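Shared between the two complexes below is chain A, which pairs with chain B and chain C, respectively.
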Partner chain A sequence: MTGTASTDAAPGRAPFLTVDDLEVRIEAGGGGGLAVAGVSFALYPGEILALVGESGCGKSMTALAVMRLLPSPPARITRGTIRIEGTDVLGLGRRDLEDLRGRRIGMIFQEPMTSLNPVLSIGRQMSEGLRRHLRLGRAAVLARAEAALHDVGIVDPRRVMQQFPHQLSGGMRQRVMIAAALSLEPGVLIADEPTTALDVTVQAQVLDLLAGLRDQHGSGVLLITHDLGVVAETADRVAVMYAGHIVEAAPVAVALQAPAHPYTQGLIACHLEVTPTARPVGTVPPLLETIPGVVPPLHARPDGCPFRDRCRRAIDRCAQEMPPLASVGSNHAVACWKPFHD
Partner chain B sequence: MTETPLVALHDVQRHFPGPGGVVRAVNGVSLTIGRGQTVGVVGESGSGKSTLGRIIVGLDDPTAGRVVMAGHDLAAMPARARRTLRRDVQMVFQDPYSSLNPRMTVGRQVGESLLVQGGLTRAQIAERVAGLFDQVGLRPAQMASYPHEFSGGQRQRIAIARAVAPRPHLIVADEPVSALDVSVQAQILNLLVDIQRKSALSYLFIAHDIAVVAHVSHVILVMHRGVVVEYGQTHEVMGDAQHPYSQALLAAVPRFGRRRRGGAVPEPRVAAPRERFEWCVRSPTHAYRVEI
Partner chain C sequence: MLGAIARRLAASAATLIAVIILAGLLIHIVPGDPVTAMMAQSVTATPEVMAEMRRHLGLDLPVWQQVGLYLFHVVQGDLGLTIRGNEPVLTLLIQRLPNTFMLAVSGLGVALAIGLPLGFVAALNRNGLGDSVVMLIAVLGVSIPSFWLGLVLLQVFSLDLGWLPVAGSGWRNMILPALTLGVTYSALVARMTRSTVIEILGEDYVRTARARGLREWQVLSIHVLRPALINIVTVVGLVFAYLMGGQVIIENVFSWNGIGRLAIQAMLQRDYPLIQGFIIVFASSVVLVSVVLDILYRILDPRLSRP
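The block that comes next holds the complex of A and B.
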């Protein structure tokens, strides 16, 4: 149990989802490596846990592993366990997996076409899940599908239910997928950049829906995002990932106001808020703080801490040894040899 | 302001024929862009902000209205003179991969406009391109490489070097950082600001991310369904938006220090644009559209 205890929200409650020491390897001709390098966390009922990081940090691979949807090959789970309400997900057969998905664990993606069937009408694909998992009659299924579409801001759900995915715009498809996942009120919802492709007013609606799933149904939501504004408004706890590792885990207020890891601190410094700042013509805006460089590619991850080449606080030890995720406060853990302190 | 603006649009419209009738992508937009000024355009998908950018850069023509560049009405000019004037306006796109030619070295792509322009020897072009690489934070040795050898952020640096090469007066940047990670996004915004500091060029900066637009812009236009519903200096629009749509848009932006609770979803209710409206003036530089 490496690090799980220190990232728990409240020991005593049973988590919906436990991921322990998960390792995902990607094989590639000459350039493979660990996309997920020993990740542990628990997701509790009634909370939104945000998995935050830049592209290539392993957050989507972690989510796909939990759903058993990793593209294999090239990706392969090489170590670790995943449990959903006690069920060992990695040991499940195909039939049991299908029962698990949808009702107990739902997933929404950034790209809706990955989860919509192009040859079925919207109404048909929404009802299928409801019939299968909730065993409702025809009238109840249609009413529930219609209500779910209405909840995601679709003004004419009846018409949309008769259409096919290709007849809808990208934004509408995204809403349909979210409606389909939420209509089943899953215990665990994995949302991988669910609002990245959406307009900001629609994003606000979707985030309210996720918060509603948490507050009214007590679901646990694993929210994968790169947007710290979304995290601040929606998440209860945050796990920051970098190059396959969770480098910091904390309650949202702690992570955003008193980050201990230099990477978390850098992400916050790069984040822009909507502020009414005067920009008289003839002046240029001040330079933003940046994190120099980029995330190292999979095949070129250095020994020791993978962030050290971009880190202004790096010391010799960072090149030798990856720091373990260690507690620095109440529910606050950081993997750094030279963390910031309050 | 008495000086001739770099670009002035007068009641520009771009209508497309669509299956269900005419699509009014841009439906009567007037604006001016001054020298050294950054004009930010915010709006959601379908607001017409990208079409507006394409019209200004010459990738699309208005179906009505006038585009005036440095005092010259483009529609009234001979094609040759128009081309020369067009060189002063360059574009940077969202996706730096699809906007670069995968089979041409990046050095050649950056120098291409200089070659077309004429008047420079190959050696002079190579020297200028090397200088541009240096300016955008790339090594001149990378000129001989191909786009796939670069990361997304580096490709955007190449696209910016290509846009800067002919020394334009205006760069239209359409979502230039929205495909990039947040740490890289800050690097590219700093680069754009640095270029403006050194060469005093103007930007039309189009993006859905309002915080990004507010950071770089002197003036902000809010577009909705093909029309500008509000414009003003950045701090006026950000701090004291008057149009209900601007207010709804700003209220929806996620921010620190606010929590979202599940419950009734407040939907932004915005009336369809009417033909009859007038501008309600808040200050000499800030106005919003009201229906009458």
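The block that comes next holds the complex of A and C.
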């Protein structure tokens, strides 16, 4: 794979996180297959890289693999390397892995409702990571936890720390989860659909938090989402995943305005544009496009390009060989035999 | 929280009054006449004597009066006298209750000491070798009859090795019955712990705790154990309430003077006041346990105590 080289944003700097040729297999009694089929990318300090795709494309599996939090069984990493600031994550023993998690790479999850322990106070869940990793005294831990909650826009951290998850709204819980992850100042933050379960107004605030993390702390953020609106608003670079492969990687402006892969273009065409000036009053709105078909299930992924059955541009070669991720411009790579060109 | 507990206690009192009324009706529900049963072996049992006896026991009054009187006496702490021996029922029961309580507590302690770690081990090695071994032990624990296990333990530790006394009422006498009880119930505790822990291990918040970099023992002892306690406490409470009804077989095997032996004796002798007293004491301990469980739930689960 040439993916890492061709998707680098700034080859001069050392990446926080590099994933090279990662393969995750899911065993399911004969019906298993590759959930992640040779994914490579690099995440640099001070950037937000969006991993985009429909559900089942392998983006969450990739994120969990980086954290070594894959549910195993049935999922298993069968190939590839993952490095965080030079450390080979797949070679780590349990205790070293525990030292790495939280401190050097943090993760926030999709479901704020279920991702906090219902029987432990917010204060407890905010402070346990600080106590564990930074070995601070009680007062210092509380002060930092309060500061972290304040930073994510919680006005009365002291009161919130005494509350329990069920007493908070979804948006507040997501803030708490983000604050708990950020208080440890990890170099890399993985955010798995951090806004999917939230109201639109809260979504924007959460995305601002992630952008702030990038701008103020220089952290790298791996943002996993299916929402191109979120990508347009926040991300610096985009990697589009389909059926376990990265099919296109590009700076956000390029990916959204001049996508080269038919799948990326399809995703953009499906995306509902809500701009009030777009349509004169009284005219009929254009029909929203859809990509016909679904992501092929794990056990029935065909040879060649997995998107070809849903692709209008498919040619014979697509059925024979999976196209490699190849450069088509500055920082722009695509895995397609018949990409769009400007 | 206090208001909720007060409401709970009021409901418990109502339950107990219902139980007392049912216990009072008992004599009239079961077939057979207690006076006939009492006088069965007596040569002086002329019809006159038996009628006098009935009058003396109040059995000649209308049923509702008898039950009302019974309730009236019981709420004042008077459970009547036993038919055989004319001893106060309450005194007899109170003499036996501590023995049953100690046996229940120590048996449950053994069950938890064995069952909790086994359940955890099985859950953490789900479908692995450890799991199979633990579940095999659990099946054995359930299948072995407690009287047989008790007899084997007595034979080995009291008769062959001579380490422990065969009969008596000191703490050394409690070791074997507690062990027997504990082994039997450890299987239940292990199974329940296993399924609870497996369920919690799959929760998102456990993944969050791991993502935070906590040590695995911290994840297990805090993020898994704390929520698991809610289920564990439920099972422990129910088993405890059940054990407070006395363990007839184990008490007999080990000549342990608990409630169970007394109850069996009372039943065989048709000693109705004593049976009624036993029912009320048993019901009271069930009610008490459920109140304690309610309080524990509120301590363990903030979703109940802090809405």
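For the reader, a short list of remarks on this structure follows.
Here is the rule we go by: the second predicted complex is superposed on the first by the 313 of 342 C-alpha atoms of A that agree within 3 Å, B and C clash if a C-alpha of one lies under 4 Å from a C-alpha of the other, contacts with A are read in each partner's own complex, and residues count from 1 in each chain.
In this section, contacts are C-beta pairs under 8 Å (C-beta built on N, C-alpha and C of every residue); 3 or more make two chains touch, one makes a residue touch a chain.
Worth saying up front: this structure is predicted, and the values here are computed from it rather than measured.
The superposed arrangement places chain B and chain C next to each other on chain A without a clash.
By the touch criterion stated above, A:88 is placed in contact with neither chain B nor chain C.
Comparing chain B with chain C, the partner in contact with more residues of chain A is B.
When both complexes are overlaid on chain A, the residue A:214 reaches chain B alone and has no touch with chain C. Of the two partner chains, neither chain B nor chain C is touched by A:303. Using the contact criterion defined above for the overlaid structures, shared-chain residue A:128 touches chain C, although it does not reach chain B. Shared-chain residue A:101: touches chain C; no touch with chain B. Once you line the two complexes up on chain A, you'll see the smallest CA to CA distance from chain B to chain C is 7 Å. In the superposition on chain A, no chain A position is in contact with chain B in one complex as well as with chain C in the other. Looking at the complex, you find that chain A touches chain C at residues 67, 69, 71, 94-95, 98-103, 106-107, 109, 111, 114-121, 128-129, 132-133, 163-164, 166-167, 177, 180-181, 184. Of all residues in chain B, only 34, 36-38, 44-45, 151, 153, 181-187, 189-190, 193-194, 196-197, 208-212, 214-219, 233-236, 238-240, 248-263, 265, 267-268 touch chain A in the complex they form. Chain A meets chain B in the complex at residues 54-55, 151, 153, 171, 199-201, 203-205, 207-216, 226-230, 232-234, 256, 266-267, 270-285, 287-292, 294-295. Chain C makes touch with chain A in their complex at residues 202-205, 207-216, 218, 222-223, 226-227, 230, 300-303, 306.
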